[in-house]
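Below are structures written as structure tokens.
In the two complexes that follow, subunit A is the common piece, with subunit B as its partner first and subunit C second.
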Partner chain A sequence: MSASQSAVRSRAEAIKVSRTFDWMICFVLFFIILGGYHIHYMLTGGDWDFWTDWKDRRLWVTVAPIVSITFPAAVQSVLWWRYRLPFGAVLCVLGLLFGEWINRYFNFWGWTYFPINFCFPSQLLPGAIVLDVILLLSNSMVLTAVVGGLAYGLLFYPGNWPVIAPLHVPVEYNGMVMTLADLQGYHYVRTGTPEYIRMVEKGTLRTFGKDVAPVSAFFSGFVSILIYFLWHFFGKWFGSTAFVKST
Partner chain B sequence: MAATTESVKADAAEAPLLNVKNMILGSLVYLVFYAWVRWYEGVYGWSAGLDSFAPEFETYWMNFLYIEMILEVVTASILWGYIWRTRDRKVMSITPREELRRHFHHWVWLVMYAWAIYFGASYFTEQDGTWHQTIVRDTDFTPSHIIEFYLSYPIYIITGGASFLYAKTRLPTYQDGNSLQYMVAVVGPFMILPNVGLNEWGHTFWFMEELFVAPLHYGFVFFGWAALGALGVLNIECQAIGKLLKKDLA
Partner chain C sequence: MKLIKDKVAKLSFVALLMTVTAAMFYTPTASAHGEKSQAAFMRMRTIHWYDLHWSKETVAVNETMTVNGKFHVFAGWPETVDKPESSFLNIGIPGPVFIRQGSWIGGKLVPRSVALELGETYEFKVLLRARRPGDWHVHSMMNVEGGGPIIGPGKWVTITGSMKSFTNPVTTLTGDTIDLETYNRENTYFWHTFWFVVGLAWVGFWIRKPVFVPRLLAVDAGKANTLITDGEKKVGMAFAAGTMALVAFLMQTTNDKYPVTTPLQAGLLRGMIPIEKHAPTISVKVDDATYRVPGRAMQMTLTITNNGDEPVRLAEFNTAGVRFLDSKVWEDDTNYPDDLLAEDGLSVSDNSAIAPGEKRTVEVTASDAAWEVYRLADLIYDPDSRFAGLLFFSKENGQREMVTVDAPLIPSFI
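Up next, the complex of A and B:
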């Protein structure tokens, strides 16, 4: 190709071309990242995310942030560090929520008839916003990992509290005390219903009472910090422009 | 004056940089086809998909499987063969404008790949979770698997392969070897299909559909990460397009 020739006919056309690419890139990134993030999340934390009777005060709070901070960290490492776009985490989480809501409505409800108030997805947006804002303000990967990662873990339970609180109200049923979410699970029997399969409220949770959710969130925040570091470097590798040459 | 008229005529005859009609039509093909597939699941999943020993299962689901497999092999052969056979053998001597047009065309392919990945990795994979929570399997070929593993995954493999081949055969940017991350973004999700072998082999030992997060499923997770290779493709494309537009945008 000749270096003297131009690909466009005017500056106005160049701007139009550039904007058109921006939109196409947004669309492609949104849906491809959605696909990868969703398959990762549903197979590492999915059961806690699918059903309200799995959304407990211990393992849901622990697992969901740890497995969901992965893609936001990786995407931030390209969108911020290469393009100064401060919305990597929010882009990922909005994609994931889009995929989940479509699925819960059209498939969980539309195909297998579980009511939406039994199978709505977890809310991850508050943590993602904080992660992006800390990166934007600090321009520091370390600070985002340490402060953002911890906040991501800590904010998960409060972020979900408004929607899950009514389902954690205790009820008595056939002489047993359980939550309303448990009761939903008993009424909508699934292959994952048996108590030896359901991973909720393990350990000495009942005797620790109200303290367990904050402790789980704190532990989750701690691991989220480590996972953020790891996935930041994964993201750098995935953003590589290297070419493999045949020998 | 005459020269100006000629140049205006040439502009009018020239193919547009971005063929929007192709992009919309292509997107509609995926959307309408998958809407039909979802309708088929809704009707025949419950009425003919619960018992793999029933004759209606053979009629509505196994025949669906055989037909889709044949169509996938034929489609991949024709599409990939066509892109390869019509490759540009003088790709390094195209004009900058033609290169820009091809980048747009490449991005149309990537838009199709995005649709295909969404439906395969997100829509039909999580759908499989709710089906297994509802129906205890008695075959590897449950209705959700016939759609998820053997339809939606091959479709994104075919689309991703076509996108990669288009870039490799038409764009100067990709002539200097093979882009590592483009290969990751295409081959990684492709590997999810062979990983079905591990999955089904494992399920013949254990009933694990009660638990979607069972470690047996982590192969899908690992290969799902490869979708992030799209970030590398994005970086390569931004560099290439930036180079084409730089002096006009300055």
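Up next, the complex of A and C:
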């Protein structure tokens, strides 16, 4: 068998091989992205994503979109510029959420018995869908970064609100007002996460009074734009192929 | 072809491993069993727990028990540890096997971090409700910002029953009573599943026809712009418009359903009320102190002056939660954990009553295997080789007086 001989003999077979390839690449890509993205997100978003009593109107809203737009930007850049496929952001977020749910269900609940309603992950999909669609429609990195990045930041809080709002209902507890989320943090003992490391409702946005969440979301959107640019280039660099010239 | 399949199979395996690693990467601290590994000076010179009492040894799921007692914030707080200006009264249990129904310092509820003063003694109480059956070591515990967890004495408590029967009813300010154990869980599952399916539909839409090889070839051939049809763009627009409309709609319906919500509550609590201090009537000077490694015993020469108006006797030396008692003077009736109690571990060269006004120099030996078991002897290897602890003197009327000691310790290996 000579080296130049093709591995396939017919067009039908070529299509079949290419399809097998698709499934395998998708499968592998999903898990590789999952692994890398998940570790990145745990290291940067960490407690803000783990616990409901960290999911506040200021820092969670600001931090989560900024640190989570990273991998979507990079993978979008590879899938769009090399394959013209507009699902990089959604694929990443699906992988992340899949990994997070495994972690939360089996480790947080199954192993340590924290109730799921206390340690579920944040929702990132609405922003990711819009980010992908903007890339598809604009075919422009700059527009995706600016419009998509902003939308990604802005959609985060409202996208999570249906599952978070029920936990922000106030209770009176031995003479103190708490939200149900605060109470979860107090009831379900975490020896490694003392109260003083909880970073919530801190910051300099006091002048905005009650409307702090939208302001935080805008701020987060602006930073997401910058992070998008940065990681988009990481993706471009990572996705480029260089061939060694034959001699 | 076979070769490629093998390679991809191998890669998939690597990817799966990565997933498992990533997913297993983090589990919240489940064990509070670090008491022995904590540096001895941390346990001896920071927070001294005493008069501890665990209200039950066996407790059924849904039932409550308390851990209460006192803690003294040591005046000779080590330089290397941040002062307890921001501290959190915790409970050392392996995860939420109990829920913390309440915790108090000096009668004040402390769900937040508090500021503690050096040299003061505080009363504390933690109310626990049993959740998960098993045998658990329940420690008193204080987290100090910049100092880490300071774990106090632990006692084994058995929880009986079934976790399935555990409920956690809470009444909100809007008048609803909910079970915090399962509240909002189905709602969370529902919306996460919903968006996951939408995401899968989006990816599925694009991989419905051959993806990587033909598209790569087309892009490389400069025909990238022919790859996206107008129909696909319309589907994309529908996805984005639908997503944004739904998010806005859900925001509205959620606000209608939960009209009253408040931000998370946080902040430091100040003004913890310590136990009132009495002017000390006994003064103790440590003339010297040695730790005899082979005998697992600490010897101190103490000069005790009784400035009070009642005769006193030395009853107990307490350090890092280990209690050395002179059984002729004091017997423990609080059911203190065995491994931390040396009922007859304290011997005093002359422990007859010290009369008011009397000054006496005595040899005191505190010996017990606990020195080794609890790795307290390790402090002879500390950079600042000092020991510290509490001495309790008893008066004839049964009252006790506490005196702190803090002095250099010299090891002896023979």
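We adopt the following convention: the second predicted complex is superposed on the first by the 228 of 247 C-alpha atoms of A that agree within 3 Å, B and C clash if a C-alpha of one lies under 4 Å from a C-alpha of the other, contacts with A are read in each partner's own complex, and residues count from 1 in each chain.
We adopt the following convention: a contact is a pair of C-beta atoms (placed from the backbone, for glycine too) under 8 Å apart; a residue touches a chain by one contact, two chains touch by 3 or more.
This is a predicted model, so every value here is computed, not measured.
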Overlay on subunit A: subunit C relative to subunit B, clash or fit: clash
Partner chain(s) touched by A:Leu94 [first = subunit B, second = subunit C, both, neither]: second
Contacts of A:Ser18 with subunit B and subunit C, given as first, second, both or neither: both
Subunit B versus subunit C as contact partner of A:Phe50, first or second or both or neither: both
Subunit B versus subunit C as contact partner of A:Leu155, first or second or both or neither: second
Which superposed partner A:Asn117 touches (first subunit B, second subunit C, both, neither): second
Dominant contact partner of subunit A by residue count, subunit C or subunit B: C
Partner chain in contact with A:Asp182 - subunit B first, subunit C second, else both or neither: second
First (subunit B), second (subunit C), both or neither touched by A:Ile134: second
Offending stretch of subunit B which, after superposing on A, collides with subunit C (from 7-15, 61-69, 115-123 or 169-177): 115-123
Footprint overlap on subunit A, where subunit B in one structure and subunit C in the other make contact: 7, 15, 17-18, 20-21, 24-25, 27-28, 31-32, 34-36, 38-39, 42, 50, 82-83, 99, 102-103, 106-108, 111-112, 114, 190-192, 194, 197
Subunit A contact footprint on subunit C (complex, rising order): 1, 4-5, 8, 11-12, 15-16, 18-19, 21-30, 32, 86-88, 90-93, 95-102, 109, 111-113, 131-132, 141, 143, 145, 149, 163, 168, 170-174, 176, 178, 180-185, 187-189, 191-192, 195-196, 198-200, 202-203, 206-207, 210-216, 218-219, 224-225, 227-228, 232-233, 236-237, 239-240, 243-244, 246-248, 250-251, 253-255, 257-258, 260-266, 268
Residue ranges of subunit B touching subunit A (in the complex, touch as defined): 11, 17-18, 38, 41-42, 45, 92-97, 99-100, 103-104, 107, 110-111, 113-115, 117-118, 120-123, 125-127, 129-134, 136, 172, 176-181, 183-185, 189, 192, 207, 209-213, 217-218, 220-221, 224-232, 234-239, 241, 244-245, 247-249
Complex contacts: residues of subunit A adjacent to subunit C: 7, 15, 17-22, 24-28, 31-32, 34-36, 38-39, 42, 50, 53-57, 81-87, 90-91, 93-94, 97-99, 101-103, 106-108, 111-117, 120-121, 123, 125-126, 128-130, 132-134, 136-137, 139, 155, 158-159, 161-163, 165-184, 186-198, 200-202
For the subunit A and subunit B complex, residues of the former touching the latter: 1-2, 5-11, 13-15, 17-18, 20-21, 24-25, 27-40, 42-48, 50, 71, 74-75, 78, 82-83, 99-100, 102-103, 106-108, 110-112, 114, 119, 190-192, 194, 197, 234-235, 238-246
